[in-house]
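Each of the two complexes below includes chain A, the first together with chain B, the second together with chain C.
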Partner chain A sequence: MAKPKVATASLAGCFGCHMTVLDIDDRILKLIELVDFDKSPIDDIKHFTGRCAVGLIEGGCCNEENVHTLQDFRKHCDVLISVGDCATMGGIPAMRNGIPLEECYAEAYLVGPSVHNPSGRIPNDPELPLLLDKVYPCQEVVKMDYHIPGCPPSADTIWETLVALLSNKTVDLPYELIKYD
Partner chain B sequence: MSETVTLTIDGAEIQAKPGQMILVAAEEAGIYIPRLCHYKGLKPHGSCRLCTVTVNGKPMASCTQPVAPGMVVETKTEALNQFRRQILEMLFAEGNHYCMFCEKSGNCELQAQGYRYGMTAPRYPFQYPMRDIDASHPDIFLDHNRCILCARCVRTSKDLDGKNVFQFVNRGKHKRVAVDSRARLAGTNANVTDQALGACPVGALMKKRVGYAVPVGQRLYDHKPIGSEIEAKASR
Partner chain C sequence: MNPNLETDIRQICKEFGNDRGRMMDIVIAVQKKHGCVNDDAMDLIAKTVATHRVEVESTVSFYAFLSTRPRGTIVIRLCHDIIDKMHGSDAVAAALAREVGVPFGQTTSDGKITLEYAPCLGLCDQAPAALVNDVPVTNLSTDKARWMVQELRKHHDPNQLVTEFGDGNNAHELIRSMVYNNIRKRGEVVFAEMKPGEALQKALSMSPAEVIREIKASRLRGRGGAGFPTGMKWEFTRGAPGDNRYVMCNADEGEPGTFKDRVILTECPDLMFEGMTIAGYAIGGNTGILYLRGEYAYLRSYLEHVLADRRKKGLLGKSVCGAKHCFDFDIRIQMGAGAYVCGEETALISSCEGTRGDPKNRPPYPAQKGYLDCPSVVNNVETLCCAARIMEKGAAWFAQMGTTDSPGTKLLSVSGDCKRPGVYEVPFGIPVREVLAMVGAEDAMAIQIGGASGQMVGPKDYDRPISYEGLATGGSLMVFGPKRNVLEAAHMFMDFFVEESCGYCTPCRVGNVLLKDRLEKILNGQGEPGDLDYLQELGQTVKVLSRCGLGQTSSNPVLTTLKNFRNVYEGLVKVNQDKFQSSFDIKAALTPARKIIGRESVIYT
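The block that comes next holds the complex of A and B.
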């Protein structure tokens, strides 16, 4: 029987949650016995090659590309999991949410203390994904099946969750594995 | 009047003092009822509703409801726990609770209640309100982003510190804690030794320059859920 496939993506996140996946240490050898990775920065596969059992999403949605990626994951994954505080509550990127977009652009490209931009223009190339009005946690964009909070969640939390799901057991994490920091 | 009142809490017969609130009577019997606005030494406030229990089948705030003979109290039914989780989710969605960089993280009662009731992400849309931080005082800061309006600072300052530094202003979603001055915290008689600081359950009212003093893994709620010290009394 073919191994179930796992896909991962980092949206508006810092890749810290992906680093934590690597933090499972030598269990990563067990993991590749259990699953194949599909679309993921871990193996650099850019497009889905088929249906996936589990999708791990790091980060919330800060631009239209994030939304498209997340919708693509929802379409291709049986179980979709928010991993980390950015995915579950917006996290650090969401700190811009109370600030008007124009002010954010101005700070980044015009008036910020370290800005060097003699043209005085805000980049507007069609290649650049448009920013959303604010940063949205994943569950406000598509249906998410599980949420793992943490900044980042511990490697044990991610491991226990994956193993439970792949062996068809209920995810029942001990007290110490659910933390918001 | 008899000296004790007999009532049933979670199936166990409990002796309580007349006039005692259900929450306190339960606590003395080793039964923990979750709370945020209730604080030892202060008059009960009854505002957070986390301590809601059923009394003879009817929901009531256990911090403001005195015991009565023959009461049948349930404190941990699945329905109550669901209800508590919803309150917590609303609190998390309403404010800006960035646990990942909060100095209170690990020692925060709101966070600890979230852990205890298994909240992973709120089902409600986040509000991301724009709120102010008052860092004007040399030793104290007041971060409205983290405030849950429990009034513990308001009441502690008034009743225990005898100062009246904090009050509530505005109503509904605009309600917030304000200081007794048109200036900011710096213009009040608030002092870093005030008991009001320790009364804050979250990271809204904090001492400056002592953040992250306790390493992760050694903080109050890193290993044991909030309330387990009360529950330990029962198992002894």
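The block that comes next holds the complex of A and C.
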């Protein structure tokens, strides 16, 4: 039987959650016995090659490309998991939500203390995705099946969750793994 | 700085003994004189009563009627609770905004008129209603709203808006209000004749322990809604160690749709004060506090007059009813300033102590540690009236009315889609159907019983009795006719709780917002079946984990509509095949960026 496939994406996140996936250390060898990786920055596969059992999403949606990627994941994955606080609640990027978008663009491209932009224009290349009016947590854009909190969630939490999911068992996380203060 | 400010503040603080425990009275008085409590005023008050500036500011910023910035000399507060909306308050609001020339929440540039919304003013039986400063204006129409503003522009005197008086004591020279009592049915307990002093004399001829025994024998339970046995509460308070004990009367009638205490305060304050005095005697206390909600400030002079009269008659003050009883007792009125949560007993105590109306942790209960950490009894207005009547007529007489678990009568405040809104004194145990026939609402599609925090029930429950063991209510009964949308009603109640949550605990502060958002999603036709489970689960969480009675009941509108009107919810949700959230609108989310950057999206064309 073919191994189930896992895909991952980092949207408006810092890649910290992806780094933590690597933090499972030598268990990564066990992991590749259990699953194949599909579209993911880990193997640099850019497009889905087929249906995936699990999609791990880091980060919320701050621009149109994030939305597009997330919707693509929803189409291709049976189970979609928000990994970390940004995916679950918006996290640090969502701190801009109280600030008008115009001011955010200005700070980034026009008036910020480290900005060097003699043209005085906001870049307008079609390659640059348009920002959304605010940063959305993933479940406000598509239905998410599970949420793993943490900034980042520990490697053990991610590992236990994946193993439970792939072996069709109820995930039973010990208190230490879901305690955050 | 206004040169008079300092003198005035010194004077006002002195009047209240430079006691920071009287902060409510101090800031209300300062605002009355200077229009607001500004930064200078807060600094001066803090200095004068030897407290921190932040203590003053936390109080001022908490209450809706207090302001740190100047408002208009006339503040129009339009009630926008659900019943007023059903009676057209939205159109009245639009007419007011047009006539005044500013939107709600703002003040005219000449500083004359401010427009604000207020949650339930306790005038649902004569809705839409507004408060113009302290003056209630009832039965508003768009014409009347326009007329009101034109009049105010002429004479700047809200009192002149009252061209005819309401019934009963509303015409009393110290009230002079257009409010109507609308007493539709008088029972034998609250609305019967009374002779001031009679019940008190009887109580004083007994020992305090005997008085408590009599109240316990009557099986009287609290009329505010929770239904705690009154005799037991008094006994605990009497038994708790402490030098002083206090009787607090909860007249912070803020539960939407409730207005029966307003009628008691207008028509039978003697009975209520007598109940307070009896409670004082029973628990061994010398001081009573009537916590009067800010919305009922127009009744204050009259109530002060009744208190003065009782002092003159020897029913209050030193040696009540003669020296032989060795009982001193007096009552003061504590004004509230617009905060629903202060109807919760521990929040009420916080407010009386001069701080924000934050609920306190229980235990210790007020009976052990209440006002100023002394044992205190907090009773509803109606409960104290019942207690007085029980002393007058005996526990057995009282207990034979109503049901075994809910003896006596209950005042119902009926409003909404019915022919005869008003106050009804009915025996406990009366079936809903009978009440609906009485009020002229046989076709009711739903009723909300117990206020916003109560339950919404439909026709299948109309044969159930109104009682603690059946459908419990602190007095509010709102009727929804066949054309109303129960989910919209639930949504408006959630709006109310989001506004009135004190913000102290997360389940209530955040949970109610999430409940409201999800309900909105469903109302917009974007819901899916899973949203109903979400509402159920979150509603339960808010109920179980909130700190005080507000949060513990705030999810009821959602939970009871889910239970009793599930078909309405199910008709609005649909299975979401692609699992994309239909509430997320990518086009709308991109609009600001498209405008700033000046191009269209290449992905979402």
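In this section, the second predicted complex is superposed on the first by the 178 of 181 C-alpha atoms of A that agree within 3 Å, B and C clash if a C-alpha of one lies under 4 Å from a C-alpha of the other, contacts with A are read in each partner's own complex, and residues count from 1 in each chain.
Note that a contact is a pair of C-beta atoms (placed from the backbone, for glycine too) under 8 Å apart; a residue touches a chain by one contact, two chains touch by 3 or more.
Bear in mind the structure is a predicted one, so any value in this text is a computation, not a measurement.
Return fit or clash for chain B versus chain C, each positioned on chain A through the superposition.
Here chain B and chain C cannot both sit on chain A without a clash.
Look at A:Leu101 in the shared chain and tell me whether it touches chain B only, chain C only, both, or neither; answer first, second, both or neither.
Second partner only.
Does the superposition put A:Ile148 against chain B (first), chain C (second), both, or neither?
In the superposition, A:Ile148 contacts chain B only.
One more residue to check, A:Glu65. First (chain B), second (chain C), both or neither?
Once the two structures are laid over each other on A, A:Glu65 reaches chain C alone.
In the superposed arrangement, which partner chain does A:Leu131 touch: chain B (first), chain C (second), both, or neither?
In the superposition, A:Leu131 touches chain C alone.
Touch test for A:Gln139: chain B only (first), chain C only (second), both, or neither?
It touches chain B and chain C both.
Quick check for you: in the superposed arrangement, does A:Glu176 touch first (chain B), second (chain C), both or neither?
After superposition on chain A, A:Glu176 lies in contact with chain B alone.
Thinking of the overlay built on chain A, is A:Ile122 touched by chain B (first), by chain C (second), by both, or by neither?
Only chain C; A:Ile122 stays clear of chain B.
Could you look at A:Met89 and tell me whether it touches chain B, chain C, both or neither (first, second, both, neither)?
Only chain B; A:Met89 stays clear of chain C.
Once the structures are superposed on A, label A:Asp26 by its partner contacts, choosing first (chain B), second (chain C), both or neither.
neither
Residue by residue on chain A, keep only those touching chain B in one complex and chain C in the other, then list them.
Comparing the two interfaces on chain A, one with chain B and one with chain C, the shared residues are 134, 139-140.
So in the complex, the part of chain B that touches chain A is made up of which residues?
92, 96-102, 105-106, 111, 114-115, 118, 120-123, 125-126, 128-131, 216, 222-225
Which residues of chain A touch chain B once you look at their complex with the stated criterion?
Contacts found on chain A: 82, 85, 88-92, 94-95, 97-99, 134, 137, 139-140, 144, 146-149, 151, 175-176, 178-181.
What residues on chain C touch chain A, complex-wise?
For chain C paired with chain A, touching residues are 528, 530, 576, 578-581, 583-584, 586, 588-594, 596-599, 601-604.
Within their complex, state which residues of chain A touch chain C.
For chain A paired with chain C, touching residues are 64-65, 67-68, 71, 74-75, 100-102, 105, 122, 124, 126, 129-134, 136, 139-143.
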